[in-house]
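Here's a structure for you.
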Amino acid sequence: MTEKDPNLLLQHAPLLQQGMTTPQAMRDVLYALLPVTLAAVWFFGLGAILVLLASIAGAALTEWTFASQEKGGESLLDGTALLTGLLLGLTLPPGLPLWMAFLGGAVSIGLGKVIWGGLGHNLFNPALVGRAFLLATFPIAMTTWAPLTGADGFFTVQPSNLALPFMQSGTDAVTSATPLGLMKFEQQSTPLVNLIIGNTAGSLGETSGLLLIAGGIYLWMRRDLDWRIPVSILITVMIFSAILDMVDSTRFPDPLFSVFSGGMLLGSIYMATDPVTSPITPKGAWIFGVGVGLLVVLIRAFGGLPEGMMYSILLMNAATPLIDRYTQPRVFGRGKALT
Amino acid sequence: MDNLFWIFISALLINNFVLAYFLGLCPFLGVSGKLDTAFRLGLATTFVLLITALCAWFLNTYVLIYAPYLDLISFIVVIASTVQFIEMLIKKFSPTLFRALGIFLPLITTNCAILFLAISATNRGYGLAEGLVFALGAGIGFTLAMVLLAGLREEAELSDVPALIKGTAMNLIIAGILSMAFMGFAGLFSST
Amino acid sequence: MDKTQNQAYEEFIKGIWRENPVFVQVLGMCPMLAVTNSAINAFAMGGATFFVLVGSSFLVASFKNLIRKQVRISSFIIIIATFVTVADYTLEALVPTVHKELGAFIPLIVANCMILGRQEAFASKNTISMAVMDAIGMAAGFMLALLTLGSVREILGNGSLFGVDLFGPDFEPWIIMILPPGGFLTLGLILLVFNWFTVKKAQFIDKVAAAERSSS
Amino acid sequence: MNPLRLLRRSFDHGVHPAHLKEQTADLPIQRVPFVNRYLMPLGQHIGAPSRAIVTVGERVRRGQKIADATAFVSTTLHSPVTGWVRKIEGFRSMDGSFAPAIEIEADPYATQQEERGDPLPWQSLSIEEFIAAVQEAGIVGMGGAAFPCHVKFSIPDGLKIRYLLVNGAECEPYLTNDHRLMLERPDDLLQGAEIVRRKIGAEETVIGVEVNKPDAIEILRRHVKPDQSVRIVPLQVKYPQGAEKMLIKSIFDREIPAGLLPRDVEVNVNNVGTIIAIFDYFERAIPLIERIVTVAGPGAAYPANLIVPLGTPVREVLRFCGGLKEETREVIMGGPMMGRPIASLDVPILKGSSGILAFTEAETAGRKEYPCIKCGRCVEACPYFLNPSRLARLSKARMFDEMREYSLMDCVECGCCTFSCPSNIPIVQLIRTGKDDLRNRKETEQ
Amino acid sequence: MTAESETVGSAGPQMPEIVPESPTIRLVVTLALAGLISGIAIMGIYEVTLPTITANKARVLREGVFKVLPGANRLQKLIYVDGDLAPTADTRKDEQPIYAGYDMDGSFVGYAIPGAGPGFQDTIGLLYGFKPNTRQVIGMEVLESKETPGLGDKIYKDAEFVANFRQLSIEPEIVTVKKGKKSAANEVDAITGATISSKAIVRIINETNDIWLSRLPEPGAEPPLLEVQTEAAESAKTVD
């Protein structure tokens, strides 16, 4: 018994809290992406590490320069800049010049986050802002896909990786086509097994369907992920691909191909679910997912580009404030309450 | 038919008036960023664009073949007076509609989107149907862009946007990112 | 006389910086963004706008007593449209390639609110010489903004300035800069820098004032 | 009715905090000894404060009325001890403000035996007399809100009550006072409910108990007499199951429209403690002079369930049960979710004080606040289907008018949002700021 | 825009409180005067610039036609009326014209046919030369396009791609193949990374062929060059 009164705090209730914190959730996403990252290095060699590091460096440096100084250097510690850099890196082609990856990371954080006021305030997914910027800025470099290096080529670094800043990659690299590119421009399908394992050409982190799904399940189990978004995206894509495939199976791929090819899984599990830029209401999450699914099929099937995941998510990001506004749940006891 | 469809899609998404041609930015930047206002402004603009397409077709077919040099002036005068006239009609017959849309009408007649529509419909040699579809696509695209931008702006109001960038700079950058997202529509339906 | 000159200089200089139509008043955005994918186009647009603005201001100021209040806007528009048509045909005859690039945006000068705004706010209320000075200042400010934007976009987007190659053939152009999003983003960032300057300048003035106060 | 609901017996949304009731659930209720000084604030219920009817120096008996109701929504106070009125003046209350209170010094030689009287002839009372009697007894809602009980029994013409709902959910973690009452006084509870049910003309008594109290459910079921029309309903364990609107939703699947009361859906809700107080008054003629308080929390040396005379200083209650541990940083009166922190241990136990909870560094350490990432956990937690994330952001931007559009005023401050927020944003406080602003503005406009 | 539109808007409500010294008639007169002066000014500049503009356009057209029809250095405009392809000097817009190219001797080289259609970004307008006796496209020139700089714009900047159209059989129809895979006379090597733009060019030519091939007279029966029609008189207005 203390006779002396403790100096009582007056912190408001509730004093209890559930365990999860925001930085922890961000770390979970990093853990979930770890296998995918390792797979990227396995498939594309050392160059993959360089590209990922460059984009992370660009993101972290920008965060440190602009955001951290005002807020006491702490915002770098919440891990979001690291996550943005990694996510961007995973969407880049293996042979991308490192300076472009760095620039992309900087734009992701600069245009995608800092100017909005930092974490939680941005309305577009920062990694995708960075990627959209890169794709619009360097369309050729961003659609030049270095081939798989294979097991014995671990130490390969694409010559194009090492282009001097602001300079073209110069030498004509060996390139290969992504499964989606093959489908769209040459009506060639890729075996589903390869898509699931990931030994196809493509962006660093998008090839291995299996690992992407595994990471998604981990996040779902940790309750870090709004499962409605990936589920609604994938179901929508499957349904519409199936319909198109029935109409003309030479031009339009089958549903499973659609789901496992390109950035579909990476985008729907790790990017569309970015809580900051997706609707907050459960109903909104469904609408968002269906919207992304419809747009991606529209762009892939009828657009000029083989892949549309990034644009679909960005477009639905733009619609998110509207979705949120019109899917506010009915407040308890209001509306049709009197039954 | 295909052609009409493509004209529509092109004006709606690929070459969106606001996001690809920078038309009608003044209302976007100047008029309040409120969603409701943006939507009604969009509807009113669509309406005026349709009237413009009609006027432009009429002028091109019956008047300007004799005096092509008067195109600019005649577009301005005819469109402005037609809209004025319709505004009066609306005011008289549907005060509700007038309250909802009417107040925007005088604002829109001097909008560059209107003039652009008339001029490019002329330059591209559009007929009546093509012109109307063009106007409809452009109008809906304009509304779409305005509504998306207004929603984003309202949301950005709640953000910690740094003081240096708040205001027009921020709005332009939002528009820039949206414009980047709309690049995904490039080539839509052109390969079919 | 000296005073008038000073005033004229004031009217001229304010348009370039303090009341810059683009950076400060945010007017005329449409041509500002649409034609600035190269410095040459920006220059042509700036020139055409200069011509129209100065010409209209001169005319409006000259006839300000004849123009009735009730129809002033219509009269202004007719005057402006006339100058625009003149500029349009002149450009088409003299520099057809530039004219083709600018396309419909030359006629759209009519819809540039800056021009009508100057007539309404200034030319119709001031003497001819003041009106012309004001118009020159504003048009110069507009031109300055156009050139800034056009140069930045051309240098990054094409590696050249006024068509002159700057960085050699290995330069990787930033294509987004000459696409629509690049216009929005560049102008947004330029405005940011402009704001930053304004704030810094204000801070500097405050500091100087404070120093003066403390020293006296 | 949704058939699934029969299985779940719950409302939508809400959160699942750890119960933390193990500390005290098995501890029988003990009586704290009398101390020498008691403080009875005049405004310890919702509504108009009472008016003192005793004078300084006057001797009062335990159970004697010392303050009268001043309005319909107001109630009486009774002396918790035999002794002398020492002061009637402003005392520092829980939140630090001054409020008038009656200080009573206990007579150290008095037995303090409660004067148990004869049962009141409640069967013959008219409804008006019944309501007046409840007000005379000073009975308020004992769950924490302290809303004068007789007001609830005044049913306007045209409305009929079909169900008397006894709230035994006790959804706040740590608290076990209702639980113990149900275990220790099941007959009194059932009889008290029978009195109320008969008087307000309800058809059936429904007692809702969360399933984490299986012994209470069992005992109540066993003690129901054949002539009592009672149904015991087990409820899913979920916070805030005990909020009356949630309880009605869980049991009857009816949503009370915003701005209306339980009576509008033919239900009257009373807390277990309230029913016991009614029983005590009508069967034993004891007005509301003491209540059951749970002392618990990581900072409490010896957690306990106690019968505490009203007005006992918190310090004395704590002293009885071993005091606070060294590491205590904060003391909360009420539950950990909605209770209020107290600034001093000298504040007294009030009619609405269901618990005294002591918390240590671990619970109170200032958590780092992160920006809202719009994860939506608060949206999925809010039992009123509000958008707490947005309300909090609007509040931060001081856009209070926009908050109204998002139904700010429908918030009951249950704390589910703050509980579930991974970014540690004090959402409830931000919402309170908004509410205060709107209320103040309304007042200044008038 | 707000500034002046508000004033435009307020001009309406202000109308009723007409200031006495300017009755409606004077307003109308003022406006009419302004309109008259402006009309005169515009007509003046139009008349002054018209010859230059016309000459510019004609020159552009001539250059285009001669580029897609190697060997040609004279042209005449043909329009299709009443099932017959006939020379015309008319500048009316109702009917899309094509151009016949002739060499120095006045003998027929081929047709230059304008076509347009959707590209990757916006409408692509082009002109291609067609030689009826060999059924071949012998040249192609993009007149108007907004294709992506550095990528889609290779349809006119990439000499290799343009060279595809120097000797391209149109039977059964032109098809695009992946770069380097060209193996038949009717195949075009697509531009890597700009497949859609490359395909758009081919599609526009195919679609234009569908319209025009049936309208062309038998090889050898082409309309002769009418000497009366001077090249300068060729208004290129229709090529816009």
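Chains here go by letter, A, B, C, D and E, matching the order in which they are written, and residues are numbered from 1 within each.
Following the convention adopted for this analysis, a residue touches a chain if its C-beta (ideal position, glycine included) is under 8 Å from a C-beta of that chain, and two chains touch if they have at least 3 such contacts.
Owing to the predicted nature of the structure, the values given are computational and were not obtained by experimental measurement.
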item	value
Smallest count of steps, each to a touching chain, taking subunit D to subunit E	2
Third chains touching both subunit E and subunit B	A, C
Chain at maximum distance from subunit E, centres defined as averaged CA atoms	D
Per Cα centroids, the chain farthest from subunit C	D
Chain pair with the higher count of C-beta pairs in contact (A-E, A-C)	A-C
Whole-Å separation of chain centres (CA-atom averages), subunit A against subunit B	33
Separation of mean Cα positions, subunit D and subunit C [Å, integer]	69
Length of the line joining the C-alpha centres of subunit B and subunit C, rounded to whole Å	24
Residue numbers of subunit E (touch at least two other chains)	1-2, 4, 8, 35, 38, 42, 45-46, 120, 148, 150-151, 196
Subunit B: positions in contact with at least two other chains	26, 30, 69, 73, 110-111, 123, 158, 160, 165, 170, 173, 177, 180, 183, 186-187, 189-191
Numbers and ranges of subunit C residues touching at least 2 other chains	27, 78, 81-82, 85, 89, 111, 113, 116, 175-176, 179, 181-182, 185, 192
All chain pairs that touch each other	A-B, A-C, A-D, A-E, B-C, B-D, B-E, C-E
Residue ranges of subunit B in contact with subunit D within the complex	157-158, 160
Subunit E residues touching subunit A - in the complex, by the definition given at the top	120, 148, 150-151, 178, 190, 193, 195-196
Interface residues, subunit E side, partner subunit C - complex	1-4, 7-8, 11, 14-15, 18-19, 22, 26-27, 30-31, 34-35, 37-38, 41-42, 45-46, 48-49, 52-53, 56-57, 60, 148-151
Subunit A - residues contacting subunit C, complex	97, 111, 115, 133, 136-139, 141, 163, 166-168, 170
Residues of subunit A that touch subunit E when the two form their complex	139-140, 143-144, 185-186, 304
